[in-house]
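Note that chain A is present in both complexes that follow, paired respectively with chain B and with chain C.
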Partner chain A sequence: MDTKKEELYFVHNTPVPETPAPGQKPEPWQQTQMVGQRRARVDGYERVSGTAAYPSDVILPKMLYAAILRCPHPHATVKKVDTSAAVKMPGVHAVISGMTPATNPVWNYRTWEGHLKKSKLFDPHCRFEGDTVAAVAAETPYQAQDALRNIDVTYDVLPYVSDYRKALDTGTPNIHAEGNQVGQPQTQERGDVAQGFAEADVVLEETYYTACEIHTPLELHGCLANWDGDRLTVWESTQGVYAVQATIAEVLELPLSKVRVIGHYMGGGFGSKGDTSKYSIIAALLAQKTGRPVKLFLTREETYLATGNRPSSHMTLKAGVKKDGRLTAMEFTAIGASGAYPAGGTSLLDWLIKDLYTCPNVRTHTTDVYINAGPARPFRAPGHPQCAWALEQMMDALAEAIAMDPIKLRLQNIPDFSQARPGNPPYTTTGYKQCLEEGATQFGWQQLRKKYAANKKDGNWLRGVGVAGSSWFLGNGFGPATIILKLYADGSVNLNMGASDIGTGTKTIMAMVVAEELGIKPEAIQIEHADTGTTQFASVSGGSKTVPTEAPAVRDAAITVKRRLLEMAAEDLKSKPTDLSLKNGKVFIKNNPSKAMPITAVAKLKQHHVIVGVGNRGPRPTDKTVIPFAAQFCEVAVNAHTGEVQILRFLGAHDSGRVMNRLTYDNQVFGGITMGIGLATTEKRVLDHNHTGKMVNRSWHEYKLPTSMDVPADMQSVPIEIPDDVANTTGAKGLGEPVTIPTAAVVANAIYNATGIRVTETPVNAVQLSQLLAQHRKEG
Partner chain B sequence: MAKNKKPHRGKGVTRREFMTNVSAGAVAVAAAGTLGAKDAEATAVIKPEDMVTIDLQINQRRHRLLVEPRWSLLFVIREKLGLTATKFGCERGECGSCTVLVNDVPLYACMMLAMEAQDLKITTLEGLMQGEALGPVQKAFLEQDAYQCGYCTSGQIMAAEGLLRKQPHPSIEEIQTGVSGNLCRCGAYPHIFKAIAQAAKAR
Partner chain C sequence: MLPNFAYTRPDTLKEAVKQLGSEEARLHAGGTDLLGCLRDGVFSAQKVVSISKLDALRGITKTSKGGLEIGTLTTITAVAEHPLIQSDFTALANAAGEVASPQLRNQGTLGGNICQKPRCWYYRGEFDCLRKGGDTCYAAEGENQYHCLFGSDDTCFIVHPSDTAPALTVLDAQVRIAGRWRKKTVPIDSFFVLPADDVQKETILGADDIVTEIVLPPPPAGIKSSYCKVRARRSWDFALAGIALALAFNDAKVAHARVVLSGAAPIPWRSMAAEEAIMGQELTPDIISKAATAAVKDAEPLAQNGYKVPLFKGLVEQELAKMKV
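Let's turn to the complex of A and B:
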C-alpha cells in the first residue's frame, strides 16, 4: 500500500499529539444510554427553520458580487484580455485577469509523484473548458455577468483530446509538456497469475465501463471574502476550513493567524469541496482591490465544468475460479482520466480487486491519462464503486458459471486479513459474512431467487433480484484531532471542534458522545465548530473518517472533564472520585445511589465557573487494519419491450462498527444507495469528442440526478453492529462512503437476473437496454 | 418537473411592456449566468434610472422596493430582503431549492421576475414559522431526519407544504410526485417521504 494514496484526504505520518497515553485507555462502552439511539439532529432547528446561515446566505454591508470568465474552449492559449469596456460598465468595481500581474499570484499544483509544478492563478495555457481567464466584481450579480460579456479575449485555439481512451494515441495533442500520461502506469502483482488461471475450472473475461460523474452538491461552490486591514475572513462552503485557510495563506503569503475561514454549514460536497479552489483566491483578491466584501458563488454550469468529477473508467477483468468456489486468479487492467491536471484518474480503482476476496494470484495494471476536461476530485469512495461495478458483476457471472449461489461464492472467499496492504495485517473486525447472511435473510433472498427462477414474468415486466458487496479501504480515523470541552457551572456544555459537519450528522454524534459520558441531555450542549478563528485544527471531513477521528477525541475530552468534576464532587460528598458516577445531571455514589448531588451544587465548580477538558485522538493500531464492509440487495422490474428499469426496493446491510446514531445512520445508508442508483441508471458526463470537445450536458436537466421518482420508497437498513474496540475508543468505523460502493453493481446483477442481459456500461438506460433486449430475443 | 398552475398575473407590467423595457440580452443574463464569451448582442444594459418600484407581499408583510426589471424574485427575496431560507442551487429551474409558495402553489422563485410577483401572495420558509416555533411540516422534517446537508430542505418543505394545502391526505405516489421537482443530492428521499406522511397526519 503506497502512502501517497492514503493522503487523498489528510495528513499522513505526521507526529501528532495523541491521548490517552498508553495504559490509560478508557474502557469500551458496554451498555450505552445515548449512543446508538435514534436522535434528531442537534442543529435540526436551524436547518428546518431557515436560520442556519450557509456561506452562500451571508450578506455583509457594501457587499459586491463576483463572477469568473472561463475559457470556452477545451484547449487554448490566452493571447490578450481586453477589459477596457468591462471596467467602464455600470456597477463594476474591479476586473482582474492574467494581464493584471498584481492580482495573478503563483498557483502551484502537484504532479502525481508529488513534485511541485509552478503555475499562475490565471494561467494563459487553458487546458480545459472552464479554466479561469478573468474575474469581475460588481454591485449585483447581474452587472457582474454583464461585465463578463464585455471582456474581449483573444484565444489561440489548440487541438484537443477529450476521449480518455484515445489520449495516448500517437498524434494526439499534448496537454502537458511530458505528454498525456499521468505519472507511470501502476502495476501490482502477487502470486503467479498464469499458474492461477491454469488451475481454474472456469475463466471469464469481461470489459466494463463507468461513465464520468459530477458531484453537483446542492449548494454551489463559492465563498464570501472580507478584509479588515490585513486580516482576511472567508465564509466558504467547504468540507475543511483548515485546508482552505492553508491554501489561501500560502498563495497570498499571509500568516495563518491573519486568515480566518468559517464554514459552519455547508450544502454538500461529496469530495468536491475538500480541495481549495481558485475562486477563493479570486474573491480575496477582488475584495482587497475594491475594499469591499466580495461574494463569489459559481453558476451551476461552472460547477459542472470546473469543480471535479468521478473519472470515467475502462476496466478489463479476467478471473478464474474452481468448481468448489475458490478464486484462483484475477487480472485487472484499467484506464481512467485525471482530466487536465494530475488528479488521481485511477486512484484506488483496483483496491477491491486486491483486497476484497481471498485470491492468491492477482495482477492489476492501471493507467491514468490527461484529457482536455475538468480535473477529477475525490468523489465519495474514489475508485471503489467503479471497481465494484466490474468485480461484483464478475463474481455473479463466475457463480453462475459454476452453478453456485452468488452469495455462497462470496462467502467462500472472505479473508480475515488485508491482502493488499504490506505485511498483510489482519482486520480488526470483519462483518462481511454477516452483512451477506443477515442481509439475505431480511431481504428474502432465497425465496425470491427461487420464485424468479421459476417465473420472472409479470405482464410486460421481468423481475429479478441482485446482490453485491464491498469494503472501503479506510475505516478508521486518526489524529491530529483536538477537542476542547467546557462544562459550565449550570451543567451545560460547550463543545469546540474544528471539523465540518458535511451533512452526515457529525455534530449530533459528538453531542451524543458527550451526553453519554457526562450524563446530560444533548440539547444542553452548544457546539462551536468549523471556524479557524475559534476552533482547533481538524482535517477535511471526507473519507468516512470524521466520526472515527473526532468521536474518540470528544470522548477523551469528556472523560477529562468528568474526572475533574468527580474530583470536585468527591470533596462535597466526602467520598473518593473513583466511587462516584454521573447520571441525569447528578453525581452519585455508585454503591449508594441515594446519596447524590446535582452538578450545579458542586462547590468548586461554582467557584471556578467552568471545567475545561482537552481531548485528542488516541493512537490507532499499527499491526491491524480497520475496514468497513457492506452487502446490498435489490429487486427490479425491467420492461421487456421498452427497457425501462424500475427499482422496487433496496436493502443495505453494513458493518461500520458501532452504530452511533441510528437515525442518521439509516439516512446515510439510503443516501448512499440513492447516489449509487445515480451511477447505475442516470448519471453521465457527455463530452462532444467529434466536433468541439465541450461538455454537452452541463445542467441538471441534461445530466440527471436520481429524483424522488427514481428511488424506491421501500429502502431498508440492516446494521451489522460489531463495535470495533481495537480501532478506537468509540468502536465506530466509517460509514459515508461504504454505503454507495456496491449499489450500482447490485442493480446490474438484478437486471441480469431479470433479463439474462449483462449491462457492462453505466448508466443503464432504457434505450441501451431495449436494444439489448431485442438482440437477446433474436438470438434467444 | 413543472409545478402545475401558473398563478394569475397581478397588476404589474404585462409581459409585452416588460419585454420592451428590457433588452433581449439582459433577459438572457437573467435567465442563466452563461459562461462569458463575448456576445455582441449583450452589450445593452439597463441603466439605474430604469429601475422600477414594486410592491411585494411576502409572508403577510408588504415590501415596497426599487428593482431592476430583470431581477428574479429569488434574487430579491434572498439578497435584497435577506430572507435567506430560500436557497439557490441553479437559478434556472432545475433543482427546486428556491421553491416558495405563490398563492399557495409551490413555484421556483428563480423562474419568476420580482416584477411579476407583485400582488401575489408569497410565502417563504420563514413564513411557516409561528414566531420561534416550527410549523408542522418543519417539525416532521426535524423528527424524521428528512435532510442531510440541509440545503435542499427549505425547498422540500415548501413543496410539501404546497402539496398538503392541495391534498391533505396524499398517497405515497402523490408524495413522491409532490417533491419530484426538488432534487436532494444527499439522497434523503425516504426520510422526506416519511416526514411528509407524518406532517399530513399531524395537520
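Let's turn to the complex of A and C:
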C-alpha cells in the first residue's frame, strides 16, 4: 500500500473491535477510540465557509421563481379568483388556483394518531390566515410578487374563532362541519384517583398555560422542482426526503420511482420540516405547467402562518402526595389546539403525567380543538415541554408543601418501568436518579438552596435556583434503516444513508461509527445521504430517532465490510477469516502479527475495486422500553423593581445512553436549553382575537426568540453516560428532544425560589413579572 | 419584498431637499427603519432619496460653549462610544447603547432614530389603522400589551420607539431642520407630535424637511444623567418602559430635574409630576416613592398593558435611587 494513502485514510496505531463471525452479534463497544470523542463536524468547513449548497442555494438554468397568494383572513370562502391581469404581467409564466381544476389535487391533513381530513391544494374554504389561494411562476421573485398583487380574489369573510379556550363554546363558528373538536377527547385512567386523593396528606391544584410557539428554522421552508420527462426531482429543505417523496407521489399520483427528493444540507427544522407542505406540490405543478425548473421558497412571514407551530396548551393538574413523598394521585385535564386541521393539538401532552413518576392513581383527559389558525406540527418533543411546565412546577410546589427538597421528592418517585405503556415494560436503563444527583452535585444545588433560603437579595435583584426533570417518549428511534457502505480499492470509504442531518451532527456521528469499526479517519469518509434517488429508505429525522436508528445500521454495514475484507484477505494470507484482525489499514494474523498485508493489497479487493456492505438496524427489545432521561438546573436573578429576569447559569444532566460525539452532544444540550429559554421567557404567537383573528407578530422582531444576551454564557453539559446495550449495538439513546423538555419548568421553579411567585403562564419576562411582583408586595 | 422605487443619492443638501419634494419621496439615511417599512408595505415610495453622500451631516463636534453638535448621519454606535458623550451627556450614551442590536446600531443613524416610525404591530401589519389613514385604531381594544399609558387622547395608542429621543429630551437638545423654504432649530420637546394634533405624523417634519444636526447645549454644572430601558428580551427589542433622567443637586437637594419616559406615550413623555415631586427635595426613600407614584398617577392603562403602571413605578424608584448623592 502507498504509505501516504495509509496515513491519509487510517488512524495510526488504533485498534479496531474484533470482527464478529457471520451470524454472530457484535459485542457492545468497550473502550472506544473514536466514538465519544469531541470531534468537529465532518461538514463543518463547508457549512461555515458557505460552500455547502443548501436547497435554497440551488439554481438551475432557466429556473423560474414561484410565490403563493395566501388568504389574509382567518376564515373565508373564496368566491372568485381573477388572474386575468396577473397572467399578462411581464415575466409571468403560469398562474394556478382553485379555479384551475387540473392543478388542484386533493390534499390530506393527517396526524400520526390517525386523524385525517381531506382538503384541496387550493381549498375554497380557507380555514386559517395563510391558507393557499393561488400561485404564480415568473422569471424573477419580484415579478412573481408583483403578479400576486394583481390577482383579484373575492372573499366571503366568515366569523372566526382564534381562542382555543373558546373553541367549543356555543355560538362559536364551526370550522369543520362536525364542529370544532378534533376526534373525541382522550381519557386515560389507572387506579382509583378519588381514593388516591383521599389518601394524600397534601393535595394541590393549579392551572398552567403555555403560549403557542413558532419553529422559525434559519433556512426558510421551500423547494426547487424540476421535471425531466416524466421524472420529477425536488431539492427540498426537509427532515425527511422519503416523506416528501411519498406525499408528492400520492398527491400527484406518480410512482415513487419517478419522484426523486434531495436534501443534503438543510438549515434547521425542529419538526416543522418533518411534514410535507403544499409548496412542494405547487412547485411541481408549476414546473410541469411551464416546462421549467421552479423554485418556491416561502417568505419568513408565510412560515409564521402556514408551516406549523407548537400549539398552546391549557392544563389543570391536581396532585396528591403523602408526607413521606409518595405521590398518591394525579388528575390532568388539558385543552390544546390543532389549528384549522387535525394536527396533534394535544399529542403526548399528558405523557409525562402518566409515565415520569411512580403514581398508582392517574387520570388524564385531553381535548384537541380546531381554531382558525395555522395547523400545528410536531415541535421538538411534542407535548412534553408543556406537560413538564405543569408537572415539574407541581412537583416543586408539592415538595414545598411537605417541606421536602424538590430533588428528594423526585428521587422518591422514580419508576423502573413504564406505567403508561401496555404491559408496563421495564426500562432498559434509567439514569434519572443519576441525572438528578450528579446534576445537583455539579450544580452546587444544596449549597445554593441554603444560601438563598438565608438571603436572596443581591442589590435590586432576587436570586434563586430551580430544578426540573423529564423523560422523552421515545429513545430507540423507529423505522427501518438500511445503510450501504463501500470500501474502495484504495482504502477510502463511502457511506450511503437515507437519513437527513438536520443540523444535529448525524453525518459526523455516522462517520465516527465507521471510523470506530474500520480504524479509518472520519474525514476520509465520503457521505451520500438524504437523496431518494441514490440512498435507501429512511424515516424522517425527528423524534430523536436518527442516532439510535441509523448508528446501529452503520455499525452493521461496517462489520459486514470488515467481514468481507477479512474473507478476501484470508485467501491471500492462507488463513481463516476468524483468525484475522484489522489495524492501521492492514490485515494481520492475530497470533502472528508479523504476517500482515495492507488492505489495498488484498487481491480480490483489487480485482472487484469495491466491497459493498449492507447494514440494517437490528431487532429492538420487545419486552423492554428505551427511554432517555434528563434533569436540568438553573440560577436566575429577578429585578425586584421591574420584574426583569436574568438567567445566570444552566446545567443539563442527560441520560441518553452512550455519548457518540461529545461536541455535538453538548451542542444539543446547549441548543435545547436555549430553545427552552425561548418557551420560558420570550416566545408567544399573538393573534388579534378581538378584531380580525390575524397574527400580529409575524416577524423575527415581534416574535421574540431569545438572543445571545438572553441565554447564559455559563452553560454546562453533564452527560450521564450509561451505554444502553440492550437498546441497540451502539448503546445510544435519543438526545435531540429531551434537552429542551424540562428547561422552561426549571426557569419557572428558579423564579419561584427567587420571588415566591408561581408563574403559571409562558412567556415569563418583565411584562408578567412586574405586575405579579406588585401584587405580591400588596398581598405581603 | 421591496416594492419598485427610483433611487437617488444627491451631492448637496439643497438637492436632497429638492428631491424630497417630489411625489412620494422618502428619505434614506441608515435605512434600518425605512427598508423595513417599505418591505412590510407600511407606506410606499416612488423615490428613495439617500443622504449618505452628505458627509457634512456626519460626525460629532464640540461647540465653543462646551455643547455638542451631532450630525444627523452619525451612527448610533458612534454616539454610544463617544468619550465626551459618555462623560458629559451620559443619558445619551446609555440610550444609544441600548438601541436595537450591534448591527443595527452600526447602520442606524441618530437622525433616523428620532424620526423612526412606531412599532405598533397593527401599524406595521396588514391593518388599515388610523395612523395609516384608516378609520380604526385596532390597538384600543385589541392586542395592546406594548401600547401607551399616556398621551393617546383616545385616538392612537402607539408608544414612541426611540431610546435616544427621551435622553436627548432630558438634555434639552435642539433639532436643526433644513427644508425647501426654511432652516430652523426647534427644541426637541416640540419636535414630536401627539395623535391629538395629527394622528398620521410622529414629528413636525414636512415632506421635504431633513433633520441635519442635533445640538446639545453645554451641560449645567454638576448634572448627572442616565437612561435605563426594560424590555422583554435583552437585545433587539424596544422599550416596555424606559426612563431618562437629568438631575443637578444643590447640596443634597435636587436643583434641576428632567424626567422623561419612553415606552409610555406616543412621544417621549416628560413627567412633570415626577419632576415636581423631587424638585428642591433630597432623594429620600419617601420622596422617591412619591415621585414614582406621581409619575404614574395619570396613567390610563388599557386591557393588556396594566403591568406598565407598576413597571414604571419600579423603574422610577430604581433609577432615582441610583441618582442619590
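Operating definition for what follows: the second predicted complex is superposed on the first by the 741 of 780 C-alpha atoms of A that agree within 3 Å, B and C clash if a C-alpha of one lies under 4 Å from a C-alpha of the other, contacts with A are read in each partner's own complex, and residues count from 1 in each chain.
Just so we're on the same page, a residue touches a chain if its C-beta (ideal position, glycine included) is under 8 Å from a C-beta of that chain, and two chains touch if they have at least 3 such contacts.
If you're wondering where the values come from, they're calculated on a predicted model, not measured in any experiment.
Novice: Which partner does A:A177 contact after superposing on A: first (chain B), second (chain C), both, neither?
Specialist: Neither: A:A177 stays clear of chain B and chain C.
Novice: Looking at the overlay, what does A:A403 touch: chain B (first), chain C (second), both, or neither?
Specialist: After superposition on chain A, A:A403 lies in contact with neither partner.
Novice: Does chain B (first) or chain C (second) touch A:G44, or do both, or does neither?
Specialist: A:G44: touches chain B, not chain C.
Novice: Just chain B (first), just chain C (second), both, or neither: which does A:A53 touch?
Specialist: first
Novice: In the overlay, answer first, second, both or neither for which of chain B and chain C A:T692 touches.
Specialist: second
Novice: Counting only touches as set out at the top, which of chain B and chain C does A:T642 meet: first, second, both, neither?
Specialist: The answer is second: A:T642 touches chain C but not chain B.
Novice: In the overlaid three-chain picture, which partner chain does A:A102 touch, first (chain B) or second (chain C), both, or neither?
Specialist: Neither chain B nor chain C is touched by A:A102.
Novice: Give the label of whichever partner, chain B or chain C, reaches more residues of chain A.
Specialist: Between chain B and chain C, B touches the greater number of residues in chain A.
Novice: Between chain B (first) and chain C (second), which does A:A766 come into contact with in this model arrangement: first, second, both, or neither?
Specialist: second
Novice: Contacts for A:A454 in the overlay, against chain B (first) and chain C (second): which applies, first, second, both or neither?
Specialist: A:A454 sits against neither chain B nor chain C.
Novice: Per the definitions at the top, what is the overlap between the chain A residues touching chain B and those touching chain C?
Specialist: Common to the two interfaces on chain A: residues 72, 141-142, 145, 299, 699, 701, 706-709.
Novice: Please output the residues of chain B touching chain A within their complex, sorted ascending.
Specialist: So the residues of chain B touching chain A come out as 25-26, 29-30, 32-39, 42-43, 45, 47-48, 68, 70-71, 75, 78-79, 82-92, 94-95, 97, 124-126, 129, 134, 138-139, 141-143, 145, 147-154, 157, 172, 175-177, 179-180, 182-193.
Novice: Under the stated contact criterion, what part of chain A meets chain C in this complex?
Specialist: It is residues 72, 141-142, 145, 299, 460, 639-644, 681-682, 686-692, 694, 696-699, 701-702, 704, 706-710, 763, 765-768, 770-771, 773-774 of chain A that touch chain C.
Novice: Along chain C, where are the residues that touch chain A in the complex?
Specialist: 1, 4, 40, 101, 119, 121-122, 124-127, 136, 138, 141-143, 145, 230-237, 240-241, 306-311, 313-315, 317-318
Novice: So in the complex, the part of chain A that touches chain B is made up of which residues?
Specialist: 40-41, 44-45, 47-54, 56-57, 59, 67, 69-70, 72, 85, 89-90, 130, 140-143, 145-146, 148-153, 215-220, 265-268, 270, 299-302, 305, 502-505, 663-664, 666-668, 670-675, 699-701, 705-709, 711, 713, 715
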